[in-house]
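Pasting the structures here.
The following pair of complexes shares a single chain, chain A, combined with chain B in the former and chain C in the latter.
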Partner chain A sequence: MQVGLKIWRYDSKTGDRALREYEVDAPEEATLLDCLDLVKDKHDGSLAYRKSCRMMICGSCGMRMDGAAVLACKVRMYDIAKEGRVPVISAMGNLPIIKDLVVDMDPFWEKMRAVDPYLQPRFDQAEERENVISQPRMDVIHKESLCINCGCCVSECNSMEADPDFLGPAALAKGMRFVGDPRDGATIERLEKYSEPHGLWDCTRCYFCNERCPKGVDPRDAIAKLGAEAMKNGIDRDMGAKHAKWFVTSAKTTGWLRETELVPKTQGIVSSIKEMKFAMGLAVKGKVPPPFPPHVAAEVHESRALFDLVKTQGRDGAAGIVQGEKALGRIESHHAASGGRDPYTEADSAPRPYLPSEREETA
Partner chain B sequence: MGCPVTIIFGRTLRNTPLGGYTVKKLAYYKGCLASLSAKELDISTCALAPKLGYELIELESVTCCGAGDIHEAEPDYYLHLNARILSYAEATGCDTLMTVCNVCTLNLRQANYQLQIDEDLRQRVNDNLERVGVPPYSGSVEVKHFLWLIAGESFGTLKTVAHKGLKGLKIAPFYGCQILRPSKLMGFEDPDKPSSLERIIEACGGEAIDYPAKIKCCGFPIIQAREETALAELIQPIEQAMEAGADAMVTPCPLCHLSLDAWQSKLKKQTGRDFAMPILHLSQLVGVAAGLTDAELKFRRHVVSVDPVIEKLSV
Partner chain C sequence: MEPSFDVLVVGAGCAGMRAAIEAHDRGARVGVISKLHPTRSHSGAAEGGINAALGNTAEDSPEKHAFDTVKGSDYLGDQDAIEIFTREAPDDIYQLEHWGAVFSRNAEGRLDQRPFGAAGSPRTVYAADITGHVLIQVLYEQLQRRMAEGMTVFEEYFAFRLLVEDGRCTGVISWDLMNGGVKLITGKSVILATGGVGRLYRATTNAYACTGDGMSMALHEGLPLKDIEFMQFHPTTMYPSGILITEGCRGEGGYLINKDGERFMQRYAPNALELASRDVVSRSETTEIEAGRGVNGSIYLDLRHLGAEKILTKLPGSRELAMTYAGVDPIYAPIPVRPGAHYHMGGVETDNWGLTEIEGLYAAGEVACVSVHGANRLGGNSLMETITFGRRSGQAAAEYAHGAPPPGNGGEAARADAETWVKSLLANTEGERPWSIRDELGQSMLDNFGVFRRPEKMEKQVEIIAGLRERYDRGIVIEDKGDVFNSDLTQAIELGYLLDIASCMLQAGIARTESRGAHSRPYDFPDRDDEHFLKHSISRWNGDGPKLTYGEVRMTQWKPMERTY
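The block that comes next holds the complex of A and B.
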């Protein structure tokens, strides 16, 4: 098949930038990375890009296709070529470009190092017996452990674009990988560190990281898990934590968010007074609802009782998010990944494999 | 409550061409902002929905969905709060729960998937709901944003409803994040190349302006805790829409609306540039084209004046 590509060429030494178009004759099963190899072998040997494993495990070939970060070895070109589309390939965002599709990963690794990405068991001598960890306890960090450090999440992070010092989705997900690890002994220090400015409370919840991650890590959910663990451990001095706490207080007292009180509860009284002029501008438009009498939801006692009840059931912290992952994981495999096609129902398809979970249905 | 369904409902039927269409009942969850600081969203939604053939049944005893905040601070409580909302939606007998906020949409859809797919989890949550007197949730409700209804099942009637048109007004669509991503939970349209707002703008007789930041973040979730970062995010869509020649921006999310509208004054203070970009709720944009009255649109409640838009439309 004929595959067309437009590639942004760039040389940081000269500052030269150009969009070049290439066409290659590729086999039908070719990935974007295969096509780039063909461009480099047959058309232009000066094209620069990173690659290694070609099978979605080394994390080298992160780049942008039509503005969205992808792993080049994961993207099949068949449908795109058949539609006659010529995608634009460029380097990842939020990282300085060295040449063509190669970015400088140093800022990425710097942030990774900042979260202490190694196990800190905090004992001098190992116990006599083997330290056996149950599967449910490891499930807490199952998704975070899938990260291959490709940088696709970082490429599109809206908070990092606005604040280059933000630790970012990859490093914070790595942080959760150790906070949630029952063998790690530095949980509190980690949570304190990650709760500092440019840390977990700087995430703007744009969900680009979840959307882009080629491995299903869902870094935004990992950041939420860190937030939940920080709150569980009483690490809640940051304004972001206070903001989140006020939502909980609102939900169990009046049911609806007490918006007007949110500012002083988040920023403190002094900052709130500085905001008075701004607030008055909103107040004249009815955007600052008076706190008294409070807007109380009907049957709000149910909401309060629910809070008291679930607090006794030991699913606070990250466990509250982890319990939903099983269901959310199934959406991915059923809908998005297969594109609605069942590989075992076609005429020449292989027999359906036996899955232990299907035992009851087949019996 | 405050939803003049019956009165407008009667008028809708008379306006309906040739035989009319069936009226569909929807459970309606308005969320915190539309209840309080963005009342104009609730009022215009309640006025517009009957014209599109919907009867809204407002949920009485529900609470905040918790935004991203309770999901992050107390995730188990988040799931139960949303299960309670879904349960009361199911109790109305409707198969659809309509939302008018991106954040509510994501929270409710996420909780709904968890409860629908994982039976053990649903059993546990239902036990808890029953212990505090809430009916159990069987999983029969689907959560849909008003945008999806307008751009989806009622798109065919939109041109007729929007009979007054927008006179070629240049409108910049701003989607916000949590109606597009994560796409596996939303699934209505391509999260990178969405087109629902554009199609609605065109069907109402406006001209849709294209600009890259229309799918990016408005900064609202961190606007109080990290104002500087949030403003650096907020300026992008407003600046790009301005440069593309937009007369106004439209958004399906009251949180995006609040930051785009109310925080423009902070951008002015910070950058010295007065964008004066009017920001419309989706229900107001379609509402203007459908001939809703001033009392139903409530543009007076906006911080940035919408008068330039009204003037262009009245010429």
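The block that comes next holds the complex of A and C.
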């Protein structure tokens, strides 16, 4: 099949930047990475991109296709080529471009190191054998441990675009990998550290990281779990934590979000006074509901009952986070969508397995 | 002044990182250089698991593990090394768990162990089907901890020459991928952990990075490669990409069937069936395919009877790979698979501490040949080898460095010489670009030196390699003339490594007139010949080609027996 690609070329020495179009003849099973290889072999040996495993595990080939981060080895080109689309390939975002599709990953790894990315064992004296831990207890960090450090989430992070010092989705997911590990003994220290400015509360919840992660790590969920664990452990001085807490209090007491009280509850009184002029302006335009008497929802008992239920279930901390479950969800829904299919009796089913000895017996 | 260390580790997969950690913890100043970021290393693509006789699922012992390994090696493994390996493996696993490795657990909360091919007991510790990924992550976590204590990691430095002064290895010369330039880094001792050379074959499970760099560098310093003709073909690599589907699929109960649905393994290995050793299964598959009982040059790996839940919990990565690269959901349809080049049993000859013939130079992991695997490696033994022998070589290199004098003064001259060579490569504008040589080599190796080895095809392959070598030596054109991330340059150098190793493999393969393990000659020498070939092939570079001799196999308690499964 003929595959067309437009590739943003970049030379960091000269600063030259150009969008070049290439066409390659590729086999039908070709991935984006295979097509880049063909461009490099047949058209321009100077094209630079990273690659290694070509099976979605090494994390080398993160880049953007039509503006969204992808692993090049995971993208099959067949449908795109058949539609006649010519996708634009460019380097990942939020990281400095070195050459063509190669970015400088040092800022990525610096963030990673900032979360102390190694186990700080809880046990003083190491067990002679392995630590005994149930599988369900380890499942808490299952998704976080799938991360291959490709950088796709960081590329897409809106918060990091605004604040390059934000720890970011990959590093925070790595943090959750240790906070959720029963063998780690530094939970409190970690949560304190991750709750500092540029930390977990600076995530804007845009969910792009969940959306674009090629491995189903769901970094935003990891950040939510860290936030919940922090509050469970009383680490809630950050404005982000106070903001989130007020949502809960407000919903529990009135069933509504009481926005007028949100600012002082989040920022504190002194800081809120500075916002008075702005608030008055909003009030004049009728954008501020009067704080008294509080507006109580008619069915507030439902919201309270929900709150109590969650409490009695012990779903505080990370266990209370309803997860995106993107990867698993997709797998399961795909499975459910074809549920009831019999893998043996359809027209194109492969034959049912048998042992040669079974045939001999019946013969 | 160039960076200088006590111990310099080349390569940062499981073996390299484990070696670096051990050397650091023993007080050495450690530098690590790798052509990839460490977590990109191909160890991370290992799927099924890592073998140690923990006895968590059923009774087991290091002796049983050793016997299975000796038998699996077709008696070519060195038995003293295998005994050390299986004895020390359990503690190495516990160490990984204490560092935080996210292994799968059994009902008691202990490390779960699954059955694997040719293993007498379920002894493969695993993390779903991403075991290598979990190990790479935990080792890099530990590396980062030590980087804060002074360990230095040079990422994306492409090593291409060893510095050997007065018979002692004291450093490596490398190309700095990010910035360009030929750099010298020295060490009182050097550990090669550069991995294998699966990229010699067009159908391979191996990453693009697996180009035999360390083997070739060692070869050109006069070091012997041992048992280099033994390339393992993994029985379940996907058609057409060659991407690995783990042996864990069969460990969890998967079937291999031909186009009629027949579980043909019963005719080849009546007891072990699908869980016979890899060489046996790959030969059986090839026989089926050649007899016309395959489908599109493949046979099927059938997981349908395992059911959705087991596939989703135990083999989710394999399902994702099958869906992405073969368009098949294994819950509903079997996966087309065929044998593909996977692992080099042979490599740089070392002793049981990883020491090579050159003072100060050690090797561990797939680049090395201790030999634990002999003529055929058991699934799950290679990850274990990287850890156990990575640790041992790290210890030995640190101890050696402790008493060793600093490197000599020859480094700068060697670096300048290497720089001249790189400049001449870049300056060449006449000739062909390397990719067609690479593709012809990969396809012809698959055709002529694959699972079954026919004499006339091997002779033909010698000529093909000579022709490709001539084209390569005549001068190849590197189109990228720049300094920054010049992968055109490094890939051209890698192709030279591939050609070196291919020559050695063919010479040793033709000379071994028997069938043993992964070296199978059904048309002229179908049987094992212990009288003449219960010995290691030893290949050295001699001017412009390899020279072959033989070495003794170290035996302890197991006499060669007929090998059936």
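Operating definition for what follows: the second predicted complex is superposed on the first by the 309 of 363 C-alpha atoms of A that agree within 3 Å, B and C clash if a C-alpha of one lies under 4 Å from a C-alpha of the other, contacts with A are read in each partner's own complex, and residues count from 1 in each chain.
Here, contacts are C-beta pairs under 8 Å (C-beta built on N, C-alpha and C of every residue); 3 or more make two chains touch, one makes a residue touch a chain.
Please read these numbers as outputs of a predicted model, since none were measured by experiment.
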Touched partner set for A:Ile321, first chain B, second chain C, both or neither: first
Chain B versus chain C as contact partner of A:Leu5, first or second or both or neither: neither
First, second, both or neither for A:Gly240, with chain B first and chain C second: first
First, second, both or neither for A:Glu130, with chain B first and chain C second: second
First (chain B), second (chain C), both or neither touched by A:Ser349: second
Partner chain(s) touched by A:Lys40 [first = chain B, second = chain C, both, neither]: second
Intersection of chain A interface sets (partners chain B, chain C): 331-332, 335
Complex contacts: residues of chain B adjacent to chain A: 32-33, 35-39, 60-64, 66-81, 84, 106, 110-111, 113-118, 121, 128-129, 131-134, 177-178, 181-185, 187, 191-192, 212, 216-217, 219, 221-222, 224-226, 228-230, 232-233, 258, 262, 265-266, 300-303
Chain B contact footprint on chain A (complex, rising order): 66-68, 158-159, 161-163, 166, 197, 201-208, 210-211, 218, 223-224, 227-228, 231, 238-248, 250-251, 255-257, 259, 262-263, 266-267, 278, 281-282, 285-289, 295, 297-300, 302-303, 305-307, 309-311, 313, 315-321, 323-324, 326-328, 330-332, 335-336
Contacting residues of chain A [partner chain C, same complex]: 11-13, 27, 29, 40-42, 44-46, 48-60, 74, 76, 98-100, 102, 104-105, 112-113, 117-119, 121, 126-135, 137-138, 141-142, 145-149, 178, 181, 183-184, 331-332, 334-335, 338, 341, 343-344, 349-357, 359
Contacting residues of chain C [partner chain A, same complex]: 36-37, 39-42, 44-45, 54, 93-94, 97-100, 102-106, 108-112, 127, 130, 132-134, 137, 141-142, 144-145, 147-148, 178, 207-209, 240-241, 243-244, 255, 257, 259-264, 266-267, 300, 302, 304-305, 308, 312, 316-317, 319-321, 324-325, 329, 331-334, 433, 435, 478-488
